[in-house]
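The structures come next, written out as structure tokens.
Note that chain A is present in both complexes that follow, paired respectively with chain B and with chain C.
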Partner chain A sequence: MPRLEFVDLSVIYRTQTTVGPGELTAVDGVNLVVEPGSTLGLAGESGCGKSTLAMSVLRLLPANTRTTGKILLGEENVPDLGWGRLRAVRWTEAAIVFQGAMHSLNPVRKVRDQIGEALLIHASGDRAKYKEEKVRDSRVAELLKLVDLSPAKGNSYPHELSGGQKQRIMIAMALACEPELIIADEPTTALDVVVQAQVLQVLGDLVASRGLSLIMISHDLSVLAATCERIVVMQRGKIVEDGPSAEIMRNPQHPHTQALASAFPLIGDPASRLRLPSYAAPEPSGTTSGGQAQGHANDVVLEARNLTVTFGGRGGATNAVDNVNLSCRRGEITALVGQSGSGKTTLARTMLGLQRPTSGAVYYDGNPLKHRRKDLKSYRKAVQFVLQDPSAALNPKHTVYEAVAEGPRLHKLPGDEREIVSRALRRAELNPPERYLATIPQELSGGQRQRVVIAGALALDPEFLVADEPVASLDASVRADILALLLKLKCESGVGALVITHDLGLAWNIADRVVVMYQGKIVEEGPVEQVLLDPQHEYTKKLLSVVPTAQVAADLDGAK
Partner chain B sequence: MSASQLVGAETAKDLDEPGRGTSWLRYVAMKAGGSLFSLVMVVLLGFFAFRILPGDPVRSLADGRQVTAEQMDILRKQYGLDQPVIAQFWRYLTDLFRGNLGDSYTYNRPVMELILDRLGPTLLLTGTAAALSVVLGLWLGQRTAWRRGSMFDKAHTGIALTLWSVPTFWLGLLMLLIFGGTLHWFPTGGMVTAGSTATGLAYVWDVARHLTLPMLTMVAVVYAQYLMVMRASLLEEMSADYLVTARAKGLREDQVRRKHAVPNALLPTVTLIFLTLGGLIGGAVTVETVFSWPGLGYLTFQALSAPDFPLLQGTFVVFSSIVIIMNFFADILYRVLDPRLRTA
Partner chain C sequence: MSAPSGQETLPTNKAPKINVAAARRRQRAGEVWREFCSNRSGLIGLVVLAIVIGLALLAPILAPAETLDVTRITAGQNEPPSWANPLGTDPSGRSVLAMLIWGARVSLLVGFSATAVSMVIGTVVGMAAGHFTGWTQAALMRLIDFFLVVPGLVLAIVLSSIIGPGVTTIIVAIGITSWAGTARIVRSQTLTVESRAYIERSWALGASNAHIIRKHVLPAVMPLVLANTTLTVGSAVIAESTLSFLGLGDPSSISWGSMLKMALDTGAATGGFWWYVLSPGLAIVGVVLCFTLVGRALESVINPTLRGR
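Up next, the complex of A and B:
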């Protein structure tokens, strides 16, 4: 069984910038050994070089890269292999499970053929029998069964499968030629927590039962800890920490590891409750959920009453939102939790007046929301929203100034426009504002972009924010900062928020109340501590069972 | 259903399981309905548009000849032009259902007969030109995309775009002048040599020689659009993740291109091909006129210069129907090629 070793490996991208050709070192002098049969987690933020490192194993990097150093797969140095030998090595000695369940399969070919193709091109020597279609088909059926899919699913096209099913197809494909090393590049990132757990289970079991080596790449330390013995943390192309999983999870040494760990707080851990590395809610001012509830018991600002939203279809209508009652109080953060398809985004869109309810109504300050242009306009001044992906939410051609000034201009806010914009940017912690006014989104980092979106909302001085997965597209360290900003806005300016998320850790970090939604219905709601520490509904329990909690961490420690 | 059943391990799998889409029959029926509606609109337009045109057809028929008012009236009566428009329209509709497009003013023959006579040569010309330009365009398109930025790419996109921007009649005349007039390699007009009684292979050879120049002119002008679309859609696919998957599996570069990239890149191209095939027949007007090719385009040109309303109406309805039918085929074929549409 081959051993994989990186010896002083560097990967350099040639880039084309405005000032001429440049170079970017993605992987910087990495030394790493993966022993046969071991499982290794590779952690880091986007751009840290972890995917580049993984791709270099099969020499899949784009043409504008240069590598120095050695990648020893068994006895062979991958950079020195001839093309023919390289193609033979690909998939037979090491195979990759790619991230994009969405995009990594060819959309116009049946998944069965795509799995079979891997068998066919390597049908020589021991595998010569796969030249026969019948043998190949039975092998594909066998592989599908391995990943808990019925062989009939093989006749599907990728778009006919769910995200989790596609990812399991990718795993089946990776196992086709019985490689001894599996590289899984963010295999579950785009998936829901529950599906994620299922896919990790399948992958973990297969690797363990076959004694394969596994390199798993993720930005989520808890995912790695669940499947790998050892975790390596990368930052800016270098390895900054390397150790056994339990050790890294319990006692991270490097500041970057700590930042990564903080992004996925342990639910039930008081150290992360209403507390983030860069900001903690002030203790005495009654910001705990109990105090808040007393202070604003009747101060409901935004409310949904018997709200139902039905989407028609030939196959019968679906209730995306099914008779939901939800109230958000002034100066309070409510987390709306559920997996994709639970109707949480539809509920948020309806509460923003972007979607008409089929029945029921949204109430703002006790008055029903009307869908007339004028009414909506004044409503939108008071309730602003923050979208998931700041890169998509900002017009790439508009400067930050334009993006933030648009709202005040539309609503004809009194006062100096420049002053309003600067104040909004300052509140979103883009300091000093002058530095950002003339920049365009492309020149900003992901976190800065999300701050600009938030500044655009704050410019109208809203009472309430509705945020749809505000940190889902952001890196771990940036996530904490944006959440800190939301928490600070609540504590210091009294801006309440309804935060839609699939991330229970987010609720634990900043929310006062949590509402759990499942199949269009609210199945559980209450103060964060109550719901997350003592869940009543089966679905909440299920969600909690697949995220790191203080309970699990304690068990882990106990086992040591 | 109890709560624990609701949240079993299979929940997510079943929840976001995409459903099956519309049936084939339904899809075809829907598209056919749409096409039928367009055809009806064409029939209506075909009648009224030509009534709005200025000019008295009878006067232009009698152009340059001494005709008395009585003779004019007789002509009007003969073509039914003395009746109110509604009555004329009714006659047009009922005739159309019987496959009768009226009689041509200039040829004194049924329009249907004229069109059927000329349909063959047009289909021959546009069919060969289309086949050649599609093959050439798609082949060059994928080669240029795969070797983007190379000399091959630059040269071919350059040549194609130059030819694309050249006026068709000008290019046709130039070809005529060089290969027909100066070099005498090819005949300069018509489909067969005048007075020739050749049959069998000799006849085929004669037609092929006459076909070459008009066909090459058409190919030169239109292949660029296939090249550019194929190139653009392949370039878009080239960064797709599933190509990395294919490479990782150990496929050779040409297999990656042929088996994975091209089938996907072909999808947008197919629609374009069918859309332009209809247009190509319409575009035959210029080429056929320049080369005196006895096809529908040339017929239309003659009908226009008369003006011969029944004939114009007829060619208009035929041209438009071809475009609509081609679009219908494009819709059907697209669904065959793209599995995603089957569930859409």
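Up next, the complex of A and C:
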């Protein structure tokens, strides 16, 4: 079984910049050994070079890269391999589970043929028998069983499978030629929590039962802790921390690791309740969160009564939102939790008046919301929207100034426009505002863009925000900063929020109340501590059981 | 290509911001210009067009109107090219070169005006068909479909025979019959833009239809419309020649199409007076080719995926 070793590996990209050709060092002098049969987690933010490092093992890097140093796979140095030998090594000794199974499968071929393709290409030597279709088909059926799929699924096309099933097909594909090393590049990033747990389970079992080496890449430390013995943290192309999973989770040394670890809080850990690295809610006394929530217990700002939204489509109508009653109180953060497809985004859009309800109504300050544009205008000023993907939510042609000033101009807010914009940017913690006024979105980082979106909402001085997955597309460390901002707005300005999320940790971090949604219905709601620490409904329990937390890591540790 | 100056007048204390936005626009225009210049064929097209436009503007100086006055000319009929008349003379003894220069005025005027009419109608209808849904969209789409399937030339002939011959007639006829393709393109671009999240954000901020169209959709479809414009000018020049050739133009003014018609009427083609047939024909081909080259170059600057095709 080969041992994988990186010796002083650097990977440099040649890039085009505004001042001519430039160089970007993605991996910078990495030394790392992966012993046979061990599992290694590679953590870091996007752009830290973790995927580049993994792809270099099979020399799958684009043509504009230059590699120095050695990548030893067994006895052989991968950069020195001849083309024929490299092709033989690919997939038979090391295989990759690619990121985003949705895009890595060919949409016009049956998945069975796609799994069989790897077998056919490598049908030589002792695998020559796979040249026969029958033998190959039986091997594919066997592989599908390995990943908990019925062999009949092999006849499906990728669009007929769910995200989790597609990811399992990718794993089956990686296992086809019985490689000894599997590299999984963010295998669960695009999946929701329940499916993520299933995929991790399949991967973990396979590695344990077959004694494979596994390199798993993720930005989520808890995912890595759940499957890997050892975690390596990368930042700017360098390894900054390396150690056993439990140790890294419990006692991170490097500040970057600490930031990554704190971004995914442990549910039930008082240290992360209403507390983030950069901001902590003041202790509940008088006007602060706890007291406020009780003080205004009946002060409902936004309310949905018997709300139903039905979408027509093939195979009859679907109730995306099914007879939902929901109330959001002034100065309180309510988290709406559910997995993808549970109707939470539709509920948010309906609450905002962007979608007409089929029946039922939304009430604002006790008055039903009318869907005429004129009637909506004053509502829009009071209740604002923060979107999921800040890169898409800003017009790439507009400067930050124009994006933030859009709301005030539409509502013809009195006062100096420049002053309003600067104040909104300052409230969203873009300091000093003058630095950002003239920039366009592509010049900002993801976190800064999300702040601009929030500033655009704050410019209207709303009393309530509806945020749809506000941190789902952001990096771990940025996530904590944005959540801190929402928490700070609540505590210091009394801006309440309905935060839609699939991430229970987020609810634990900032929310006062949690509402759990399942298949268009609300199945459980109540204060955060009550719902998350003592769940009543089956679905809530299931959601909580699959959140990879340090609890899981500790259990794994104990089992070994 | 001139960058549009600040679209809104803001109080003076916002001056620094406006300057920044204008500087950014200037910089972007500079980039487009540099990329355009790197496209050799587009640049050649632009230079030739500039020369043609210059000649047309200078027509009264280069070829004073008297030279076309049949009562005052001295040259004989149907003279072959000579030093005095480089492109020969027509059946009335007028210099073909002078006619060509004067004809460029009408041809280009009709080309540009008809294109402007067509672009305005196409952009407005296209954006409306993409932005609104339901009944409005259905009605607009059927209207577009109608103008797409009706043969443009036939409709133009009918229109000009109703309104009566003349340059304005030709402009209106071409403009009204050629906007449907533009509308389709603009509509598809509008649909793409409207599915972006920033439109949703704008709705949530309380935007009106007019605001969405003006601030988000129009700037996004403008580059496409611009590239399409230069391509349409070419076909408008051809359409003008065709209509003039069919005798629907203003009989008193000279255009390249009417020169061809006269050449046919007077038997120049069969009589061997090639200079009278070939000159306006080549002029049309040359100008249309130049517009196409410029249009293609602009298109590839705006849509980088077309480069190298």
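Rule of thumb we're sticking to: the second predicted complex is superposed on the first by the 538 of 560 C-alpha atoms of A that agree within 3 Å, B and C clash if a C-alpha of one lies under 4 Å from a C-alpha of the other, contacts with A are read in each partner's own complex, and residues count from 1 in each chain.
The rule is short, and it goes like this: a contact is a pair of C-beta atoms (placed from the backbone, for glycine too) under 8 Å apart; a residue touches a chain by one contact, two chains touch by 3 or more.
Worth saying up front: this structure is predicted, and the values here are computed from it rather than measured.
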Please indicate which partner A:381 is in contact with in the superposed arrangement: first for chain B, second for chain C, both, or neither.
second
A:91 contacts which: chain B (first), chain C (second), both, neither?
first
Is A:399 contacted by the first partner chain B, the second partner chain C, both or neither?
second
Under the stated touch criterion, which partner chain does A:518 make contact with: chain B (first), chain C (second), both, or neither?
first
Quick one: is A:200 in contact with chain B, with chain C, with both, or with neither? Answer first, second, both or neither.
neither
Quick check for you: in the superposed arrangement, does A:410 touch first (chain B), second (chain C), both or neither?
second
A:510 contacts which: chain B (first), chain C (second), both, neither?
neither
Scan A:542 for contacts with chain B and chain C and give back first, second, both or neither.
first
Winner by number of chain A residues touched, once chain B and chain C are compared
B
Contact residues of chain A, present in both the chain B and the chain C interface
none
For a test of understanding, state which residues of chain A touch chain C in their complex under the given definition.
352, 354, 373, 376-377, 380-381, 384-385, 387-389, 392-395, 397-399, 401-402, 406-407, 410-411, 416-418, 437-438, 440, 453, 456-457, 460
Contacting residues of chain B [partner chain A, same complex]
3-4, 6-7, 9, 11-13, 15-19, 22, 240-242, 244-252, 255, 259-260, 263-264, 267, 337-340, 343
Which of the residues in chain C end up touching chain A in this complex?
10, 13-14, 17, 20-21, 24, 196-198, 200-208, 211, 215-216, 219-220
Footprint of chain B on chain A - complex, ascending:
58, 60, 87-92, 95-96, 98, 100, 103-110, 117-118, 121-122, 157, 159-165, 170, 173, 192, 194-195, 198, 314-315, 339-341, 518-519, 523, 537-539, 541-542
